[in-house]
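Each in structure tokens, the structures are laid out below.
Shared between the two complexes below is chain A, which pairs with chain B and chain C, respectively.
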Partner chain A sequence: MPASASISASSSHHRASPDLLVRLGSTDPEVKLRALREVKNQIIGNRTKKLSFLKLGAVPAVAAALDAAQSELLVQSAAALGSFACGFDAGVRAVLDAGAFPNLISLLSYPDEKVVDAGARSLRMIYQSKLAPKYDFLQVENMEFLLSLLSSENETVTGLGASIIIHSCQTDIEQNALCHAGVLKKLINLLEGSLSQRDASLESLATIMKDNPEAASKFVSESGRALSSVIDLTKDRYPRTRMLACRCLIVMRNTSPCHLQDIGIKTKLVYLLLELLDDPGQVGEEASFVFSSLIAQKEDLQKLAFKANALDKLHNQLLNYSSHPRRFQGILLVLADLCSNLESCRSRFLSLKALKLVADALTNDNADVRAAACICLRSVSRSIKDLSAGHFTNEVIVIPLVRLLHDPCTSVQVAALGAIGNIVVDFTTHKSTFVKCGGLKLLVQLSKSMDPTMRLKALWALKNLTFLADNTCKEGILSELTTPLLSSLICDPEASVQVQALALVRNLVDGCINSVEYAFAENDIILDAIGRQLQSASKAEIGIQGMYVLSNIASGNEFHKDAVHQVGL
Partner chain B sequence: MPVRVVEASAPSQVSGANSGQTSPPACTLLSVGQAFSGTQNVCSLQKDEAWRVNVRIQGCDLEHGYLCGTMEALNVPMADTPVVTFWEGEIVDTKNYTFFTGKWEAKPDDDIRHWTKFPSFSPLASQVAVDGGKSLDLSNHPYIFMRWKEQNFVNVGTDCGLTIAGFYYVCFSCSDGSISGFYYDPNSSPFQKLELKSTNEGRSGFSFSSYELQ
Partner chain C sequence: MSLFWIVIRRLAEIEAMATSKKVITKEEWEKKLNDVKIRKEDMNKLVMNFLVTEGYVDAAEKFRMESGTEPDIDLATITDRMAVKKAVQCGNVEDAIEKVNDLNPEILDTNPQLFFHLQQQRLIELIRHGKVEEALEFAQEELAPRGEENQSFLEELERTVSLLAFEDVSNCPVGELLDISQRLKTASEVNAAILTSQSHEKDPKLPSLLKMLIWAQNQLDEKAAYPHINDLSTATLEDPAI
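== the complex of A and B ==
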């Protein structure tokens, strides 16, 4: 039958040949070389083939050829190992397990330039993976080796040096060690090198300066042209270089706000990144995250972005990229940053009807997208005007948000709690949509979580839900939460949870005078817990919220006032 | 509170901030959740009437000189139900906002004419005439001056025959939580007076609730 014939042909095409494994182990260099070439050619860009060879145990056989004396064998072995590692973590693991890493490193000192290049290329592939071994810069000989890589005439070798920095430089001690060893100077020189050297240098510089003001000022003072070179590269013809130059400048600015305060460069970065967002590939995807780091928590930049019509552009991107998870996530995060402070942005966001698109993203298959949609909703719902108008309390938003409280991914649950915490402040006394769709029950359940962040956020939302709630709503909250649970949360091991529990009680006993009675349920256990906390308050906010509760109770009748006296403070 | 003159309402614009100066004194009664009730005199040539008014503060950001809330007019003759509007306020802190409105059809002369209606304004008047009060330090002043601008109707449509085109000059007393105000709209009766007292919902003292946005 033609169909089955075709399937069998295709499956045999993907299968790695055991015979090839035998040839890889051959003592005849010619046979071995042909086998290595064959493996390399078969696996290039073919994940299925890589996996198939991996299962066959081909990687140790390929790695064994690194012991050979002939240059051509070394080149082919390194190239095949690099191919296994390229964009494939299982391949990286297999190459490392086969013990090939130190042998690949030693190829870098080989007299034959082709071998050096092949070794460096292969190691660069490995260093693109999180699984690559961390390089210890603090050892003198390692630092010297790194400097020798960065000084090399070979573009692949300098690129490897940069990759090692990008992968392994994680602490400020390592950043400072690299600065003191003179790495910044080498990287600044590479800014004038080839395309790949420029890109690698920009990425390494960003890694070294991130959150390290000392490194950032050393970079600026290292050479008069260092900063201007990076600024020039924001005009490079290649989009990736432009994006990396923007990122480097933003990292520097976020690290040391004294740099790049000029309104001109800020505006330029906003327009550059908005333009890079149009790139249909990886650059456009990364640009959204870089844009987010530019405007996050910076109202002046959010204003500039608003004036540059960023919201309209991002709205179009939401429409076009909903099936590209990482890009979609990036766009949602930029929208969240844009709407985090400015009412004008929130207002434009709503007028573009972007809320529906974000509500749809709450049910996306990808957990990062769901969390980003919650973060975006949290920002947009900071508008008291829109909360008051009840824009967020409709079923289109509330139902999927409440469902996310069940999400298997904790970060999604926490993000959903953040958005819910805002949305339940709807200023109407009914708050019915949220309660009807089971939101209250789930918040109470999460307030019992073992995870302190979850308890904190759940109680925060419950506190906001109780704000100006009518008596029916308050009764519902307390009967679900129960008096014993509330009093135990007032005494939670985490101080931040105690604060939220006390603020919840403060709202519970506010409003009509009958509400004060909630503090006296079940033999005054809530009042007792508050008294205990006030006597041993570990931070001021506990004292403040506790005193508000007592003050609200004391504004009741004579019995209530006496009870406050009895607390005995 | 809405009035009956038909006039399209102008959208509000946030004024630019000036640098320096300090925030007004934090006053416990000018905080979220606090309710006020009283009346607004709606004088006209034909008759003299007063509408009952309830106000609730929903948001307060002293740092940005921002306040907002709802205003409920109870016995509006043309409406079947109480009419609720959402308003946003500018606190005259001389940092974010000065005594000069600079919008909503209010010229400095209009501003001065209204502010001088408040007795507590008289010690400030001469300086305000010079620079709108920019150089004044109001951080310890016992009164907080504000402008409240209704932005939208909450429970009725815009076709209800009422308008919210004007805005209020408001003076809040930090000592007793009382509020007086004058409605300004070139197309409505001048100096309609708003008088509110903070309420404690039947308690023997004030009670304070809170929410926090994340």
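== the complex of A and C ==
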């Protein structure tokens, strides 16, 4: 074709134009239909276009077409609205603000199957966003409607029913209501359906059974095949289905350990998930979080994972996926779970030189990754052996970690405090690195935070920093912290903070006789505060820590012993 | 399907035997083949699966009437899918995109890679027809934002735009983008995505069975001389070479 064929007038890749808005509002159905199709075809797959049409105010104009009588207009309008809402929260908000929601719902009872399909698809997009309105399952007519969706012949409509459950079922009251209304039975039927129905059903089942033993046992007793169908689906040919089936089983297991007792299924789940981690896409990403939920706080499963060479695999993943924030976060969390109890895992972790990779992650651009790296460090640094060897107190780790103490994101600060709390334990020679790079100052600052968790964690770290510290170090800590602040923390409104403050004093006055003097600085205000706390102790732990403080003080000279007597207990 | 299992079984038998190569004559081999009974329905299903997946709708319809084999998908959807595939193969990418969106608007909204490849194909077609200005505008408006979202898209975009820098595109390092095979690649990607959205497997079963047959023959070759199938289209058994 010659070059002169030049720019065709029909090319639709021009910017969102105001003219289009006029045509959307046309009274001529032909013009309107073309305009709707044009909007739809321009925005599908194209975030930039969605945004520019949104700014132009196209959403209300598109939504207005839902009042039309012609099926084709309804289909195009619903499809365009669905695309605005697809993976784009601003779009969801605009669609809801335009009042399209009830109109989309009413499309579901339309006689034309194409209209029903388009309406259901749009609603499903909306329900995939957190912004979707919460569905009230406790109203009888709503529950009936949901059941009718789940019984539909149309795959998109059953998918919508599942999306509603996944989005809106949160409390155990709602879970039980769904069970009693017979939703489990419907979902079990869908396990035999098409690919998308199976996936939707697995996800809904996990939502309904999560932390609800009653729902889990109802599911098992509902039909003899229910549980075995889910187990079969862990061998499905589609990775996403396998992942969702694993997740469903793990939710069940974590909810009521009495189901899925045998060691066979545990080992199988470990191997399945390790394999799913290899998936380069979203499935692999999700698999890490599912894996974490399988092994978190379960030493037996951590052992199985260790035997299955999980650490080597995860180490490889750390190398390959450092530029994929969500996946990177997931892998770090799995490593954290693996190293939380077992020394064998920690030593394998260190021998793989994974520590350097985690240290690098402390400066990642993504806050979730930084927090996950801290959580991972905390787990690994539980090893007394490696702490003693000083593996964690070098500048590569301590400096970025201290920087995270003034991270803009609270969850990162809290996680960093957790890691620091372990790392500063015990080993006098290494403490200077931490203090030199400003760690002490920041900990003291955070111990004045308004956030009780932050105060708690900061004091925890300070307490560990004081543990077996030499006098210079202790003096440094107290002069930074100040006696009045310490005594006010002993009387903090939060009991858990009081415990940590007392434990800090206990470490402070431990050791040589000079140390005991710290309790008597500035007119004994620390000792007075302790006395008051002990008399009104609301928690046994407060009493225990207080008594330790007193016994440490009493190990001093006569004057110190007298002072303890005068506390008057 | 049966051939595959026979070969596997033979393989197991022979493995248990001595190391010297055993010779199996055509008569012996055929006799063994005759002993294996395969259900006709299974063969028919295999054929139907192939016709449906590859989109031979007329053939599938005829085959359904003649053999009574029910397809596992609504035959009407095949026509739509083939229309999309054909549009890409002819270079009418915009038309193809509209057709996919009519079929199921979710496909391109949830599949950024496929969407990018279709837009890239559109760009290639503009360049092919010498519409330089339009191509540049299109690359800037439509493709550049996708490149910002994804590094690998950016690299592909740069490669595509570099077509504009060559006088003789048929003879340049990125010339293969203009090749018909590029259209076919994009077309088969769309075809696969539509099939997946219809909960259907994206590849027919028959080719993988043939691959398994070749693999099994290669394994068996090390142990025995037997009638080989060399021409898969006729499946003629050839006398063992001794």
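Methods note: the second predicted complex is superposed on the first by the 551 of 569 C-alpha atoms of A that agree within 3 Å, B and C clash if a C-alpha of one lies under 4 Å from a C-alpha of the other, contacts with A are read in each partner's own complex, and residues count from 1 in each chain.
Definition applied: a residue touches a chain if its C-beta (ideal position, glycine included) is under 8 Å from a C-beta of that chain, and two chains touch if they have at least 3 such contacts.
Predicted model only: the values in this text are computed from it and were never measured.
Colleague: Just chain B (first), just chain C (second), both, or neither: which does A:N557 touch?
Modeller: first
Colleague: Which partner does A:Y548 contact after superposing on A: first (chain B), second (chain C), both, neither?
Modeller: A:Y548 sits against chain B, while chain C stays out of touch.
Colleague: Output check: A:K463 vs chain B and chain C. Expected answer is one of first, second, both, neither. What do you get?
Modeller: In the superposition, A:K463 contacts chain B only.
Colleague: For A:S388, is the partner it touches chain B (first), chain C (second), both, or none of the two (neither)?
Modeller: After superposing on A, A:S388 lies in contact with chain B but is clear of chain C.
Colleague: Check whether A:G159 is in contact with chain B, with chain C, with both or with neither, and answer first, second, both or neither.
Modeller: In the superposition, A:G159 touches no partner, neither chain B nor chain C.
Colleague: Have a look at where A:L195 lands relative to chain B and chain C in the superposition and call it first, second, both or neither.
Modeller: After superposition on chain A, A:L195 lies in contact with chain C alone.
Colleague: Quick one: is A:R506 in contact with chain B, with chain C, with both, or with neither? Answer first, second, both or neither.
Modeller: The first partner, chain B, only.
Colleague: Find the residues of chain A that appear in the contact set with chain B and again in the contact set with chain C.
Modeller: Looking at chain A, the two contact sets are disjoint.
Colleague: Taking the complex as given, what residues does chain A use to touch chain B?
Modeller: 343-344, 378, 381-382, 384-385, 388-389, 418, 421-422, 425, 427, 460, 463-464, 467-468, 503, 506-507, 509-513, 548, 551-552, 554-557, 561
Colleague: Under the definition above, what is the set of chain C residues touching chain A in their complex?
Modeller: Touching chain A: residues 94, 97-98, 101, 104-106, 108-112, 115, 129-134, 137-138, 141-142, 145, 149, 196, 199, 201 of chain C.
Colleague: In their shared complex, at which residues does chain B touch chain A?
Modeller: 14, 32-33, 56, 58-59, 68, 70, 86, 88, 151-152, 154, 200-214
Colleague: Under the touch definition given earlier, write down the residues of chain A that touch chain C in their complex.
Modeller: Checking each residue of chain A against chain C gives 1-3, 5-8, 11-15, 37, 40-41, 44-48, 79, 82-83, 86-87, 121, 125, 155, 194-197, 237.
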